[in-house]
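Heads up, there are several structures right after this.
What follows is a pair of complexes built around subunit A, which joins subunit B in one and subunit C in the other.
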Partner chain A sequence: MGYALNFNLIWRHFDKLWGGLLLSLELAVISIAIGIVIGLVLAVWYVSAGRMVRGIIAAYVEFIRNVPLILLVYLVFYGLPTVADLAYSAQTSFIATLSLYSGAYLVEVFRSGLEAVPRGQMDAGRAIGLTPWQRLLHVRLPTMLRITLPALSNTFISLFKDTSIASVISVPELTYGAQWINFNTFRIVEVYLVTTAMYLFTGYIMLFSLRLLERRFRAAR
Partner chain B sequence: MLGQIIYALPFLAEGFALTLWVSFLVVLFSLMAGVILGVGLVYGPVPLRWAVRIFSDTIRGIPILVLIFFVYYGLPAIGLHLPSFWAAVTALTLFKTAQVVEYLRGAVGSIPRGQTEAAMAIGLTFRQQLTSVIFPQAFRRFLPPWINGVTDAVKGSALVSLLGITDLMQAINQVIGRTYEAMPLYILGALIYFAVNYTLSLASRRLERRFTFIRE
Partner chain C sequence: MATNTQEIPALLDVRDVSKAFGTVQVLRSVSLKVSRGEVVTVIGPSGSGKTTLLRCVNFLESYDSGSIRIDGKEVGFREGGSRQRRGERDLAAMRAETGMVFQSFNLFPHLTAAGNIMLGLTKVRGKSTAEARSIAEHWLGRVGLGHKADSLPAELSGGQQQRVGIARAVAMEPKILLLDEITSALDPELVGEVLEVVRGLAQDGMTMVMVTHEMAFARDASSRIVFMADGGVSAIGPPRDILAAETDNERLRSFLARFRASHF
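Presenting the complex of A and B:
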């Protein structure tokens, strides 16, 4: 023992953590927004596609879900530019990776959501003369979104935690800020206590607000 | 290019063995700790329930990476000097334990109350109730998500590379550092992780399907 807690240096460099937290949130929000688009498009495509397309979408989903995120981050940031004529910042690279990553998880979420929409609703849509496109847009997707909202918020919160991986390619998010303070002040325990509290606090605020939102939009079954 | 990769294969295999070893230890320790804490959460006295609930909700709310750094850099500060390997295993085990607690709670919670009441009515002791009535039934609810969760342990083990431990991830990075063949090696690494984890997810799915016909 004999370790005296001293938070002074943490507060002096708190802007590193605060700015990091904001960036973490930004990364998570942008990635899930792109991920939702990927997930929706592929899920809708999947349920109406033939064997080949289904196989390709399933391959994408299974590949992403079964490989460590850190490896995907390295692959996109260090690997891809060596074989393709691409140049991007670490931040862009991470957003691309996390979007593809969340997209893969959300395809599954949306696909099972689409299957959970009661058949009767589609039949009712057909009965009142909606075109297939209208049935999808006005009947199937809104109901599906209500059904999948809980899974969607869980995905978002876990993405927020996954943004910590961005620190390995020096994106200055919260974990990177913590490491910076750790290496520059050696107030190790303090900085990780504060960082942990920040992740927990933000995560639980998100969780509670999303649960409120879910209650508001709960699917009537 | 191919020659360099073939030359590096034994080194990568060593890293892979370490990845499996870390994953195995984490899965083993977390299973033991998770089942004990899980039983505490479901059947324990209120203070214990609270303690386990707080432990689980806290651990699951922190990114694994932060947990690993916290344990690795933080423990020496309070006088505990663990080699980086054991610090990593400890952190990953903490994380996985919280998951196992939740699997167990879900599985035991899915057993109808009547089963416990019947077990009490025929005079089984608490231990007998668990081992002869509850656990055999809860097992098939526990097993599929747990096996699927093993993939999280394998994927999470890639983070130990950040503590300088030469697991598969770190071995790949080191080979890339020498050969500059980034893309082929990352793809090779991804395929190895994929092979392990996909097998586990398939097993989990198959078991789940196999268990669904059993009526509750």
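Presenting the complex of A and C:
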């Protein structure tokens, strides 16, 4: 029990953690935004498509969901440039990977949400003469959003935590910053305590704001 | 029989419509003419095809043979008897001419009472938001909900939701209003307020086809009653003929007897 906690070195290098957190958020926001587009497009396509398209979308989802994210990150960052003549930064590579990854999870969330919209509402939309696109835009998507919001919140927070995997290809996000401080100060307990607190705190803020949004929407159920 | 419904061209003309869900024949050569301003109620045991018939009229369901015309225009299929389904935009435009009120209200949960009514007015009728809002307020006033314009469906009682449902349908100024068991999901004490609204519309001359289990309403408010059984029109005529206890239509007699036993 001779270990005395000393946070001074952590505070001296805190810019590594703070800058890392900002980058983690940036990675998460960009990847989730792209993932939402992928998820929405594929989910809408899925529910209106024939068997073949459904099969292809399902294959994408199953592939991504059954391969560890860290392997996908390696594949895209080290594998792709080897077989194809491509060059991109670690950050770009990670954003591409996490986008595809979040896209696959979000397809599932959105698809089940779209399928949960009561038929009667679609009938009502048809009965007043809305075209298929108008029904999607003004009836199905808004209702789907309300149904899926709790699942979406969980997925977003998961994806935010997944940005820590970017450290394995030296993207200087929060976990990478923590490793850097650890290597340079050997204050392993302190640095990971502070880092954990930062992930927790950010996650809670996200959860809290999403729950607020859910509550606002719940009135409309 | 030379009734006046045959002299004036019918607003709704259903001819020999048949439909099967798989091996189950739900409509068997149904024919029905409804003139402008008429209120026709459709009664019959559950599973007799009443709801399916209504859903065919605005082509929420397709049918296998026969034709349905509103104001002379074939509803779901292109003219010329090819049975080629109309395009989605075309169908949407046709459906805008018929209003429908549902058993389960089917209000859009994310929109207020006024918003529910305004959606079709702005997106389908191309009205400005301000114009749509004033039409919505007018109709909400008509159904006694002028003070609930900004309430969400979840904040309204079943009877209030259904009145919004009616307002949403009639605000589009449809040629014909289809009402599908609109009081069946309501608590008994809320049925009256909804039927009152329908009665008012009937007095205004709105053409209506109404599937209902409210016999008293059918008797008092409709010009004709259609009795459906096993997917076909089993009897049709003025309320006093159809609801007469001494009818020689076996099925109708047993339906009415069972109905009286359970409802009175």
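Some observations on this one:
Note that in this section the second predicted complex is superposed on the first by the 218 of 221 C-alpha atoms of A that agree within 3 Å, B and C clash if a C-alpha of one lies under 4 Å from a C-alpha of the other, contacts with A are read in each partner's own complex, and residues count from 1 in each chain.
We take it that a residue touches a chain if its C-beta (ideal position, glycine included) is under 8 Å from a C-beta of that chain, and two chains touch if they have at least 3 such contacts.
Please read all numbers here as calculations on a predicted model, not as lab measurements.
Applying the stated contact rule after C-alpha superposition, one finds that A:A4 touches neither subunit B nor subunit C. By the touch criterion defined above, A:Y74 lies against subunit B but remains apart from subunit C after alignment on the C-alpha atoms of chain A.
Applying the stated contact rule after C-alpha superposition, one finds that A:I128 touches subunit C and leaves subunit B untouched.
By the document's definition of touching, of the two partners only subunit B reaches A:I165; subunit C does not.
When the shared chain is aligned, no partner comes close enough to touch A:A87: not subunit B, not subunit C. By the touch criterion defined above, A:Q179 reaches subunit B but does not reach subunit C. Counting the residues of subunit A touched by each of subunit B and subunit C gives the higher count for B. Legend: residue contacts after superposition of the two complexes on their common chain; A:E62 is shown touching subunit B, with no touch to subunit C. Within the complex formed with subunit A, the residues of subunit B that make contact are 58, 61-66, 69-70, 73-74, 77-79, 151, 154-159, 161-162, 169, 172-173, 176, 180, 182-183, 186-187, 189-190, 193-194, 197-198, 201.
For subunit A in complex with subunit C, the touching residues are 118, 120-121, 123-132, 134, 138-139, 142-143, 146, 217, 219-221.
Listing the residues of subunit A that touch subunit B in their complex gives 1-3, 62-63, 65-72, 74-75, 78-80, 82-83, 161-165, 167-168, 175, 178-179, 182, 188-189, 192, 195-196, 199-200, 203-204. Interface residues of subunit C, counted against subunit A in their complex, comprise 58, 60, 88-89, 92-100, 102, 104-110, 119-120, 123-124, 152, 154-155, 165, 168-169, 172.
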